[in-house]
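Here's the structure, in structure tokens; my notes come after.
Letters A, B and C mark the chains in the order given here, with residues in each chain numbered from 1 onward.
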Amino acid sequence: MSTSRSVGILATRSIRNIRRLPSAFFPALAMPIFNMVVFAGTFFAVTKIPGFPTDRSINWYMPLGIMMGSAFAGVGLGFTAIRDIETGFYDRLRMTPTSRLSLVLGPLTGTLVRVVMMTTIVIVIGIALGARFTGGVLGILCLYAAALGLSTIGAGWGLGLAFIFKDMRGAAIMQLSIFLVMFLSSAQVPLNVMDGWLHTVARINPATNILRLARVGLVNESNADHLSFNAVWGGIVAIVVMGGLSLGFALRQLRKLSN
Amino acid sequence: MRRKPADVVRQLVALSRRSTLAIFRQPALVGPSLIFPLFFAALGSSSFSRAISLPGFPKVDSYLQFTLAGTVTQGVLFGSVTGAAALATDIQDGFFDRLLAAPTSRTSILFGRLAGSSLFGGMQALIFLLALLPFGVTVQAGLLGYVSIVVAGFVTAFAVGALMSVVALKTGSAEAVQGTFPVLFILLFLSSAFFPRETMSGAYRRIADFNPISYMVEGQRSLSIDGVSLIAMTQTLVIPVGIAVLTTMLALRQLSVRLAAR
Amino acid sequence: MNSAPIIAEQLARHFGDVKAVDGIDLTVNQGEIFGFLGPNGAGKSTAVRMLTTLLRPTSGTARVAGFDVVKQADEVRRNIGVALQDAAIDPLMTGNELLELQAVLYGIASNKMKERASELLERVGLTAAADRRVSTYSGGMRRRLDLALSLIHQPAVLFLDEPTTGLDPMSRLTLWEEVRRLNREGTTVMLTTQYLEEADQLADRIAIIDHGKIVREGKPSDLKRTVGDPTLLINVSREHSDAASGVLARFGEMRPTAEGTLGVGLRGGAERVAEVVRALDEANIVVEHLELNQPSLDDVFAEATGYRLEGADNAPQAR
């Protein structure tokens, strides 16, 4: 009971800051849109490669933009935590008797609300630029699920690093690691189109599974991944396992803050 | 105030030396502009190996061969921000005003400041050319081609550095200079640096058609894939020189505005 | 079992080889204002961070409000209020929002929240500013809001970490008055400060920490008495400095002072001043300034730590 109130008020603080600190939210919105537009435009012809799962490049790169945005929105929580640690505000939170879990879940809830807003806006722009959901409502839900899941993983990772480093060094590691994990996956092209080293890496990268989940409602109806359970379960397992691990990591580092 | 040409040269050399050392003493600043383009080239070679047979692609053996020019340009563009950020830092720290107070020639201050990042731009081009060599990526135009691409790297870095200097001189803030970084990023992506214009469509294609970076990259690409041609040489060298002349004029004008304001 | 609200036993905290707090014993009694003094880096804030559950001790134990700070951290948190040194307040939030956040995190029922918040705002004189963002507050207003925040759950023990550092004299007096009022109402207060006058004004008892150890503890009046002799301070020109020290040393123990001033604990007190002046005159030393100070906490501090806190610009830095 008291935990859910704590989560609520901490989430409120985070959501309120969208309006009060728009300079922080704007890039979080511009980045996925930019990603979507330039990838879809630059690699317009990539869908003509035999075996490519969709014939609209924006169908392929809109989910990528949203996933990049979600991952960075997640680690963005780490940035906020670093700022709060540096100003001492985090000490104030830690001195309250509220459960440590709510100190993690509260801001996370705020981040998830931001991710839903961002995803919705990018989808609307994507559709205006020619994206078409082949999988209907179910496909849209899968995209939202992937976005929320990936941002949760990013949030746990970002918070944990923030608690370890307590300053902006942590932020550099957050950004670089998310960047690498996202690009060493099926971000640009599907596994069946890749050759060489990247195929080996992307195949075992959980981000590939989550991207696959994000795209099940956007690939051609004739594609094997189209709304198929096979394409969905890997992403869900990746989200549950990686999300659990990363939130556990964040909680453990939070408790270690007093060491 | 008359200055002997020999003095101007000596000042230019001294200032160039300083700006060059400043760049190479900050590996954390220059490292990313070497590593990221190579990372993207490696990524592309795996991702787009089957794209090169698509209609609109030139005849190449590998995507790496195709993307060589894009990699060089990407690295040089990003690397050149560093030098301009250093100029802004100089302004913030007051070093710049001290220089201006001394009887130093105005142009040698600007050119000296930009020498470091220009040299770095040329070096970057050379590094990328050499780094991709073991993967069978060669420049068909031979020595002339290699030299042209390195010179293009030097001039491009100078041109971008001068443009960034305008921002630096205007705002005097290193952050503002770093803040223009996304603009370069967007310009690069709205060009044919990664995929041929022939494969693009609609508005995106038209933007790339207007973007001078497209033609610069395509000149270098033609040198590397097809060999020497007058058009390729012109695109490789004349475009960056043209931009450099323009941005230098802007920078010198901004410099005199700053001097007048003192 | 001892029921004092703050008890530390052999409390220690090491950072690598640095013994920031090196085994301190401390008892703060019910209803006291306890002053905790020490130069920067002496271990003051480390000790307070341990007592307020922010930092785990390396060894030793501490009980605050009857609970162990490690094993019963949540119980301790429920019973203490803490106003932090740099008033860590999110500048994007308003006073009301911060009070609400704090109230929820302390589990205060929603129906009591509003009433409690407006009562506290009234108390610290911020009612009119309650809906403004904290970034528009002055330093004094922030401290007062900070105090209100630390009182939201009516804590039995209040920790005030350098509550008046950087405040103008007026704001300082207002804050002192508020602390006294809280204390009269039954709150036990532990106050860390660098201002000896503040401790002298407010504290029933004080402790001085230096290099991680408690070097003095007691009532300010008792401690002042232990210093005994008043301090005679003189200023002489630089070239006479050594000669003057030689003369002064004959009248008592030299005491540390700010640079450019010489000080001696004058044995026998005021009636010997004339003697000192005569001796200096015989040595052909020109005295530029002379004053006799009754023992103050500053003297206690100087005697305990070897340097003065006030005029700290000239004092040797602690670590």
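Throughout what follows, a contact is a pair of C-beta atoms (placed from the backbone, for glycine too) under 8 Å apart; a residue touches a chain by one contact, two chains touch by 3 or more.
All values reported here derive from a predicted model rather than from experimental measurement.
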Identity of the most central chain, Cα criterion: A
Identity of the chain that, by mean CA position, is farthest from subunit B: C
Between subunit A and subunit C, centroid-to-centroid distance (C-alpha), Å: 47
Between subunit B and subunit A, distance of the C-alpha-averaged centres to the nearest whole Å: 33
Distance from subunit C to subunit B - Cα centre to Cα centre, in angstrom: 58
Touching two or more other chains - residues of subunit C: none
Overlap residues in subunit A, where contacts from two or more other chains coincide: none
Contacting residues of subunit A [partner subunit C, same complex]: 2, 5-6, 8-10, 13, 16-17, 20-21, 84, 87-98, 258-259
Complex contacts: residues of subunit C adjacent to subunit A: 52-56, 74-75, 77-78, 80, 82, 84-86, 88-90, 92-93, 97, 100-102, 104-107, 110, 133, 149
For the subunit A and subunit B complex, residues of the former touching the latter: 34, 38, 41-46, 48-50, 183-184, 188-189, 193-199
Subunit B - residues contacting subunit A, complex: 39, 42-51, 54-56, 186, 189-190, 194-195, 199-201, 204
